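Labels A, B, C and D are assigned to the chains in the order they are written; within every chain, residues are numbered from 1.
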Amino acid sequence: MSNHSHLNEISIQAADFNLADEVFLLEKHNVIDGAIVTFTGRVRNHNNGNSVTTLTLEHYPGMTEKSLAKIIIQAKERWDIGRVKVIHRIGELSIGDQIVFVGVTSKHRQDAFAANEFIMDYLKVKAPFWKKEKVIDAGQASENWLAAKNSDTDKAELWS
Amino acid sequence: MSNHSHLNEISIQAADFNLADEVFLLEKHNVIDGAIVTFTGRVRNHNNGNSVTTLTLEHYPGMTEKSLAKIIIQAKERWDIGRVKVIHRIGELSIGDQIVFVGVTSKHRQDAFAANEFIMDYLKVKAPFWKKEKVIDAGQASENWLAAKNSDTDKAELWS
Amino acid sequence: MIKIVFFAALREQLNCAKLSLAADDNTKTVNDIKQLLSDKNERWQQTFSNTSLLSAVNYDMVDGSHLVKSGDEVAFFPPVTGG
Amino acid sequence: MIKIVFFAALREQLNCAKLSLAADDNTKTVNDIKQLLSDKNERWQQTFSNTSLLSAVNYDMVDGSHLVKSGDEVAFFPPVTGG
């Protein structure tokens, strides 16, 4: 596994991303793949009934890229897909901000749907990102690290 | 079922569409849905080994909109999704042109993935569109109506 | 009056996009209409012998036993290939 | 020398982002290192009693029986919550 081959497929960045630009690159000079599926995740305004104000994303530099590269390789082994792009933002984000993007092209839509969902499911349980929320709960501001969800672990296990 | 309520959800059009504009509208003033999944289908350059030059899309005005509205209602009954947009182009298209767009927002990604794929699978077998290809086969130009695929029928039946 | 419409390859094979059928007192099913159309001539008979043809009444897919009444729009077409 | 790094809630609970461990001649597993860290004091012991903690060696997730050698980077962190 060469990191080099995944240079264009993975980006961990503080900056926002632009869906149209990413889709343009996935489709550019790519007339064999008739299907493209994108997933975009954004910061919601509520979590467990409390008002979220900001979200801070920490990650483990080095391992993040390596784990995402492995997930993309697994997806390519399982499905006949063309191009892949995974972007994950880090740092402080506000409500409505984009957090994560996954784009997959393929000849047949079924592969693009499955590979995209697989990548998101595995990212959720295998990529070293952690979210800390600033929430207002009954007028009191506090910071909480988000707890991992069993549902995410269960969902990822469905692929194995 | 009121057609009115689906006016913003379905568009059958000759004109091209813009992914970014569609996603903007799906996300606008929508901070409860953290997930958005899009599917875009484009004209590929090959079909059964022959070179496709153009694709002409015919449809059944009136029934097209009604069938898509029904598919969207079924998706909303099955999954907890927010907003939906389905665009299908008609008329003459060239290689690389966008044909179809499905966008779905939801609180949880699993619903957006499933509903989007369901809508595409049902559209493929229940919405009255027909494709005619101009192909160059061994130097000879010809026009062919595409044959429906059994795999599409099989895939749609998996949801029932 | 019953309006009948044809699409795609079927329309081209019949060289006909639509026609009208006078509604008489006999209750008709979609299959009855298909039979009436097949009886027109050799070409129509051959075209309607294709068992994969689909039918819709008033924009909803129906099967051959569906009852058709005056004012209905009946459509015949090949399996769909959009998306 | 073995480099040890901590992330997220774990880093905050320990008030420690990284430390180094002299590599001695004894072969160590990830669990052995966890035990060594737990032995530091009450707070570390309590923090490492959390059975949901994950571990990685050289950027790959591993389980407690994984052997650690000099030069390795060992990471401990809570279950991940990205995406």
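The definition used in the following text is that a contact is a pair of C-beta atoms (placed from the backbone, for glycine too) under 8 Å apart; a residue touches a chain by one contact, two chains touch by 3 or more.
Just so it is clear, the structure is predicted and the values come from calculations on it, not from any experiment.
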Using the contact definition given at the top, which chains are in touch with both chain A and chain C? B
List the centre-to-centre spacing of chain B and chain C in whole Å, with centres computed as mean CA coordinates. 26
In whole angstrom, what separates the CA-based centres of chain C and chain D? 72
Could you put a whole-Å number on the gap between the CA centroids of chain B and chain D? 49
Touching two or more other chains - residue numbers and ranges from chain C: none
Residues touching two or more other chains, restricted to chain A: which are they? 41, 120
Chains touch one another in the pairs A-B, A-D, B-C
Across the complex, what residues on chain A touch chain B? 18-20, 23, 27, 31-46, 95-96, 107, 109-110, 112-113, 116-117, 120, 155
Give every residue of chain A touching chain D within the complex, in rising order. 41, 57-60, 62-63, 66-67, 88, 99-100, 120, 123-132, 145-148, 153
Where on chain D is chain A touching in the complex? 5, 7-9, 12, 52, 56, 59-61, 75, 77-83
